[in-house]
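Okay, so here's the structure we're looking at.
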Amino acid sequence: MATKPTFSNEVANLLHAAEGNPLETCIQCGTCSGSCPVVKYMDQTPRRIIAMINAGLKDDVLKTNTFWYCASCYQCTVRCPSGIDIAEAMYALKRYTMWKNQYKEGLIGPTFSETFVKTIVRSGRSYEPLLAPTYIFSYGIREFFSEALNATNLMLKGRIPILPPRIKRLENFRRMIAHIIPIGGIE
Amino acid sequence: MSDQFEPVIIGFTCNWCSYRAADMAGTARMKYAPNIRLIRLMCSGRLDPTFVMKAFAGGADGVMITGCHPGDCHYVEQNYKALRRFIILKKTLTQFGIEPGRLKLLWASAAEGAIFTDEVNKFVEQVRELGPLQWPTSGGGLEQMFAVPEHMLVKEVAA
Amino acid sequence: MTEKIGVYVCHCGTNIAGTVDVEGVAKWAAEYLKHRGVVIARDYKFMCSSLGQELIEKDIKELGLTRVVVAACSPHLHEKTFRNACKNAGLNPYLCELVSIREQVSWVHTDKAVATEKSKAIVSGGVERVIWDEPLEPLRVPINPATLVVGGGIAGIQAALEIADAGYHVYMVEREPSIGGHMAQFDKTFPTLDCSACILTPKMVDVGNHKNITLLTWAEVTNVDGYVGNFQATIHQKPRYVNTDLCTGCGICQEKCPKKVIDDVFEAGLGKRKAIYTPFPQAVPNFPVLDKANCTYFLRGTCKACEKFCPTGAIDFTQQDEYIQVDVGQIILATGYDLFDVRRMPQYGYGRLANVFTSLEFERLSNASGPTGGKMVLRDAVTTPTSVAIVHCVGSRDKNYNSYCSSICCMQSLKFAHLVHERTGAEVYNCYIDIRTPAKGYEEFYQRLLEEGTHFIRGKVAEVTNAARVPEEEGKLIVQVEDTLIGKQRRIPVDMVILSAGLEPRHDAKDVARLFGISCSADGWYIERHPKLDPVATMTEGVYIAGVVQGPKDIPASVAQGAAAAARALGKIQQKEVAMEPIRATINQDKCSGCRICNNLCPFNAILFHEDKMVSEVNPALCQGCGTCVAACPAGAISGTVFSNEQILAQLEGLLLLNLKQLELEPVPS
Amino acid sequence: MKEYVYFPGCSLEKIALSYHLSALETTQKLGIKLTELEDWNCCGATAYFHVDELLAYTLVARNLAMAEKVGTEVVAPCSACYKNMYFTKLHLSEDPDLTDHINEALQEDNLSYSGTVAVKHLIEVFANDIGVEELKSKVIYPLNGLKVAAYYGCQILRPKKDHEDVEQPQFFEDLMSAIGATPVDFPLKLTCCGGSLLISSRPAAYSMIYNLLYSAQRAQADVIATACPLCQVNLECYQQQVNQEFGTHFSIPVVYFTQLIGLSMGIPPKKLGFGKEFLSPKKAIDAIKNIHSQEEVITQ
């Protein structure tokens, strides 16, 4: 049966260590959204996202900022009475949109994540200053200064390294990564 | 599916616990390997060791004996007798050149459909590992030994 | 003579036909088992239906079948049905075999081809076995008309009264000092809101005074032997330290007792009782119980205030545990439920945040005869709440706790909402996942609540905290929940939170089930013989279940089940005797070598040894048919009916399809 | 002397240096050896799981594989690192195919993962392996009267499922009481600080920080104790911005639990990395100062 999988199944397939399609067992009780500390910044509550996924409203789901606002605090996952790993589902949606390159305009999340990943692929470790620019351009000038202020403070307190850290066996490390995905994907 | 070896397993269940555990697995729609075929006894104590031998002689690759948990026997303590017979059986099997891994004893209460399911699956895998039972049929020694009793054959002819 | 075997394969709607090619199996049996005597093989939608049975009866009459094999559900479900069918057609019922291709095939396997093959093997096993079946007559044993009712809640009370009124004796055993169960703790009953005590206590009194009821409270069943018609139960009577023959229930001892104890059973921890006490004024029986663990005399060796003041000298500190033996024909289990321990959901703050209450606590709080005399107040015992949130589905419909619906919480919560509204005028918020009001007058009650202006918020409460963010939240409990109908997270500041805790099986349900030889579901509720058609009987003949013990249900349903269980018991009593499966061992005296191995194997001492003839013999009255001796006899002198060596070996042959092999080797002329 | 493989994680190299220092100092005093994992790489934080799950698992697996070589228990002071390691180990144990696939990749670095090493959070080591009693016995300067808001954050406990412990843990408070401090009733102790949103969703992060600070202030905490570098940076370094945003005047020092434990054991504040923070936890240090007039300790 070569039928095209439903959007719900597509997302479910991206869930790790989940059997079948847990999303379809959602009883829409709202525990997730009730527990969510970020919910008021989301276009749609997590519960609604699940409903929309199950309804196959793919485009509407991808348009929302909901999953990019997920702080991965896992409160929903722990409490869900249907045992759905909601935080994981949010991750799944992030990955889905990153691959398909169809996330909501003006979101910083995706760009940030990419830079972050690049940094690590380059050096094996993360390096704050490299991450900074990504959002400095995305926010207003006031933010820029306050951020700069923070940065300098951190420098003064000796809490920001001058040179980016590197791991020793970087070559192996890169080949290891290459083995998993074509670096082209991110580099 | 494909070409992997599908062992034939005979399971002896007692009427009160393990058979109901199987029923429970059914009503709860739990899924387990279809390789096992059950025979109902009133009590695991009813299990005559020759049943097991005949099962192997007849082409079973594994035999599973099941009964109530020790202390729960509907007939007070007969499952302990099953236990003792099981231990001796294992010894005998080795002497017949049959891997003791082909024989399993399981206690399952009427509420333990899940346990029954898991154990069946585990056992089927275990026997699959061991591969088909190579019973020495040449010379018809053992096969004779465990063939159907004379008087039963008579009835068949009559039939 | 040649056996004529009929094979009948059941579709069970799609239950079997969905996974097994039933037509295929029937065809196969007709063709490949012909040489074994199969003369007809049919498949039919529902073999157990009257039409299905007629089918069998018709064939027996017209084709002169001498054996019948039905491939359908578990023998524990329908063996009787098909045996009766044979009986009606004049065939000895024990010449019929029911093999399970539902519980053992279609429900547990998915691959249709494989399932079909297995079904064939199972059918062939049945055919081989049935050849060796012998015509038998069931053993008839008289039924002891007395019945044991375990549990003195409303379900047990109803059952006991039905039987006693019909003129038969009942032993009622209750663990607590008084009967009445949870219902006695309630104030009002939904949806009619009539006072719980007013409708319950008359029935309790009836039980107490009934000439046909022996009431044993403060007692527990510790052992059960025997079988339907003839059970022997051992009942542990815990010492009351009160001589019930002398006690008049005047209550002076309770007045005089100096020791106050928190009553966490009846008053759910909200009220106090004395060390010698009756749980509540209308208790039945009205004799107090002395709580040894808290009694000053037992702790310090002095006091005995109760004894001094008792006008009839009924206090007896020397009482010991008693073990009472009773003979009964049947048993009704109505042991009820425990409340879900809301501490297991710390996010709701019970025990940490003072003004979070359990549903049972609130029942006591709202009860006119409760610790606050029916005043709904916060823990400080003075403040009346101005806003109350009721949390539904606490511990129910939740895979982390109990995945089932506790079924009473919705209506209970609505009742609470109404009472709060009525008595305090507070704002009431009901946070629910779904409102379930499926019974008579329930939906109307919901409507009434809506009209009363109760706030309904569709959403499972995420957490209850005291973490105020804005001034108006200060000093309040904040209920954080998504209002799923508007898709917004709401923080509702309230004075009081009531957790509608779900129902759970008794903590010792599994042990009790084992004691009475019945089975519980994975959740721990007792399993009925058939979920639709036999809801109060169990797989164990003569043991019935009634009330919540079978699954969450409200008072009307429990009462109905109590009555139903009683009706089933009375039906049996009327039959005067029960037919017992003739599964017995017999010893062929010519073969017996007198080795006496079997004698010590039998746990029922059913095997006696004739010194004179030097042979053993089985006493069929004592033999239970386990067959251990059959398996053990070195001379093969013992055979067990229904499970004879021949039958089992034949079934084995069949399961392994060796009967087909023989076909290839030496075709039997039919 | 008990030994652990120590996985500091990127943050502890610089931005959370004080956590690093205090962790080493305190554990050493308690007779525990932390051997830093050779050539460890970033755990992938949350960002990595946004991009490629498989890759994220591989990164973690590399660290675990290296840890297996040198020890049986790896301890992470950073909650994010801990969560990633803990659950990667869990997933891999459930999914042999994934493990094989990842092992192929690890070959490139001549490593292989077998799942023999246990993963622990630093605070678990203190709470379970060392234990309150042992800790008490090492306290020289109990932080009497210091009101601490013990802040667990998210990923020490979640998404573990054993509810009683996940929803209302006590071990952090117990540690604080053990060193003489007074844990305040801090209902938001398990609420997220928004660390991972700080860059991607600034306003959300600010409001989450605000809620936490508000709750801590309401509980009259002198100091917030954390067990995660992200939480610390978030709650401390951005208090200014939050104040601007919400017109508040929060000034609540945020320190690592190891720093407080260190103080109570009489380790000089400098060695514990004090002095690197924006908001000096003067009160915390004074606590000992006033009670024991330990100037020399302070000025060392």
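The chains carry the letters A, B, C and D, assigned in the order they are written, with residues numbered from 1 in each.
To be clear about the criterion, a residue touches a chain if its C-beta (ideal position, glycine included) is under 8 Å from a C-beta of that chain, and two chains touch if they have at least 3 such contacts.
As the structure is a computational prediction, the values presented were derived from the model and not from experiment.
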Sorting chain pairs by contact number gives first A-D
Length of the line joining the C-alpha centres of chain A and chain D, rounded to whole Å: 22
Rounded to the nearest whole Å, what is the centre-to-centre distance of chain B and chain C, using the mean of the C-alpha atoms as each centre? 31
Compute the distance, rounded to whole Å, between the mean C-alpha positions of chain A and chain B. 53
Between the Cα centroids of chain A and chain C the separation in whole angstrom comes to 50
Shared-contact residues (touching 2 or more other chains) in chain C: 347, 400
Can you list the chain D residues in contact with two or more other chains? 161, 163, 167, 211
Numbers and ranges of chain B residues touching at least 2 other chains: none
Every touching chain pair, please? A-C, A-D, B-C, C-D
Considering the complex alone, what residue numbers of chain C touch chain A? 347, 393, 397-400, 433, 458-463, 480-484, 487-489
Contacting residues of chain A [partner chain C, same complex]: 27-36, 39-40, 44-45, 47-48, 75, 79, 81-83
Quick check on the complex: what are the chain D residues that touch chain C? 161, 163-164, 167-168, 185, 187-188, 211, 214-215, 218
Per the touch rule above, chain B residues touching chain C in the complex are 1, 8, 10, 16, 19-20, 22-32, 34, 37-43, 45-49, 51, 54-55, 58-60, 72, 74-78, 81, 85, 109-111, 113-114, 117, 148-149, 152, 155-159
Chain A-facing residues of chain D, complex: 10, 13-17, 39-42, 44-55, 58-59, 62, 90-91, 94-95, 102, 104-110, 154-155, 158-161, 163, 166-167, 190-192, 194-197, 199-204, 207-208, 211, 237-238, 240-241, 244, 276-278
